[in-house]
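Read through the structure below, which is laid out as structure tokens, and then see the notes.
We call the chains A, B and C, going by the order they appear; numbering starts again at 1 in every chain.
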């Protein structure tokens, strides 16, 4: 906790993040290169699904990141509302588009996988549908950020929405599962599961870590950009007022 | 005069894309509506693909109508409308510019995204283009019929749902011909072109009538 | 840019207010005869007559709710007179709405656009371009905010950007509703300078105000006395 409070200072955050960033992104690149090499050249094609199984190497990490970023946003929302951490809403704002992007990647790769498997790009499968609803929640949060232009007020409003969404996500997931089984009893498909072979598991793990580090680097970059944006905004307003005062004093003198 | 027309068009486009403009919200709302339908109907792809064009059309209609109350209200609230009234541009052309900007930021993106959302309702591949085409041809009618309602309620502090309530009944013909043109692409006895041309005619008429009526509503002195 | 800005400040201070780009306006006369105003079934004022010619200014006074803003709305054509006439002479067939500038309570600025974009928009709409947006902003003492979104500006700065609109297009009649609200002393002096300059070019001003306009030659028309 001590380190967290230290990081609360945006200047210190800028310094630490500048050090961390090349490491995160460097390791991410190495892992992604290695993971994709294993995934495309070493891992065998699935006996049932053929080459399309390789889509899973992107699809699964994307799904995981979409969820992880929402969790991070919920924690940041708590940070904004409860601990009043000055960087919490920055972290929250920076996370939303990244989470949304991974949710979208998950949906698109799911669609590409679904075409050969199910014969259609989209099936209202419980898992995909839940991700789609999550994507919509992400879009709503981003829209709220865009609508409110005063950062601190927007931060609190978005934090409330994020937490409401967070409480709702399990309920949504449960209802969608229920809705889905109601309509299509039992037949459902099984993706991967515990029977996954080691030759598949390794690239998947490496890629998952690689994508996570990539996402975290993106998050750091976005947070830094947001801090800069707010500084520029404050400085410009301040400068405009200062020049105004100078002009007024000049006219009065 | 052309300069003033372009200035309004350019300004409204800029406002829609800048922070807080909400230009993309109609699209998100469209997506949400399309997603909600299967939850109500069940995920039966055969059923969904049969009523797909209807879902897309209803979604586009509601997404267009729901934001329309802001078309003139924002300008009325901050006094820009007085500026437009004082301009050298006839009010009809100003309304035309604003309606055009509304369509470019709402109807056009909706029509372009419709095929993508068509995937969600299992629209057959050969029906995607016709659905997009009908939306492209039909959404101008929605923008301009809506402009009349928006102009009538411009000075109301609480427009809200009044515009959709006023305008929705007037959009019935557009909906009928839009959906039937899309359905004809799914097979049926009517050729695609018959309802499609009527749809185009409805749009052209709506641009003229809507523009004149909205300008008259805005000119309405107390 | 800096030079012209400094020159203008100098001009304002010495009350020498002929701007370099300003030929004089054709002679115009606005006259009101026996005007009456009714809003929501209530008679606000009646029997109001005045005339306003080129080079003249009218300070419109009266208690709150006396109908100052209603009269301005009437001249803009937003409100129909319940009786009497408004006449404009000497303008050819141009309608009144194309001869006037309005700076009202609502400042007509979009907060998401920059000051320059707002002024460029006004210029394109109103026609008769005179000063550029940047020159107009310099004249109201705000050359440094041109690239800032108006949403970032304080109330006084916004009001001055709205006043800068008077300079980007040349129109003979200025309708000002409480123009000095939110302005500090220096900015009020700037406003008086702009108005004097406009009068010197043969323009006309009608301004609703609570206090004094600060213009020597301004006649006072009192509503609802």
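Heads up, the rule we're going with is that a contact is a pair of C-beta atoms (placed from the backbone, for glycine too) under 8 Å apart; a residue touches a chain by one contact, two chains touch by 3 or more.
Since this is a predicted model, take the numbers as computed values, not measurements.
Taken chain by chain, the contacts link every pair, so each chain touches all the others. A comparison of the A-B and B-C interfaces places the larger number of contacting C-beta pairs at B-C.
Distance from each chain's C-alpha mean to the overall C-alpha mean is smallest for B. The centroid of the Cα atoms in chain A and the matching centroid in chain C are 51 Å apart. Taking each chain's centre as the average of its CA atoms, chain A and chain B sit 32 Å apart.
Averaged Cα coordinates give chain B a centre that lies 38 Å from the centre of chain C. Among all residues of chain A, those that touch two or more other chains are 149.
Counting partners per residue, chain B has 19-21 as the residues that reach two or more other chains.
Per the touch definition, chain C reaches chain B in the complex via residues 39, 73, 76-80, 97-98, 100-102, 104-113, 117, 120-122, 124-127.
Residues 3-4, 6-8, 11, 14-15, 18-21, 77-80, 82-89, 221-222 of chain B are the ones touching chain C in the complex.
Those residues of chain B that touch chain A in the shared complex are 19-22, 24-25, 28, 31-32, 35, 38-39, 42-45, 119-120, 122.
Only residues 111, 120-124, 129, 132-133, 136, 139-140, 143, 146-149, 179-180, 182-184 of chain A touch chain B when the two sit together in their complex. Listed in rising order, the residues of chain A touching chain C in the complex are 149, 233, 236-237, 239-241, 243-244, 247-248, 250-252.
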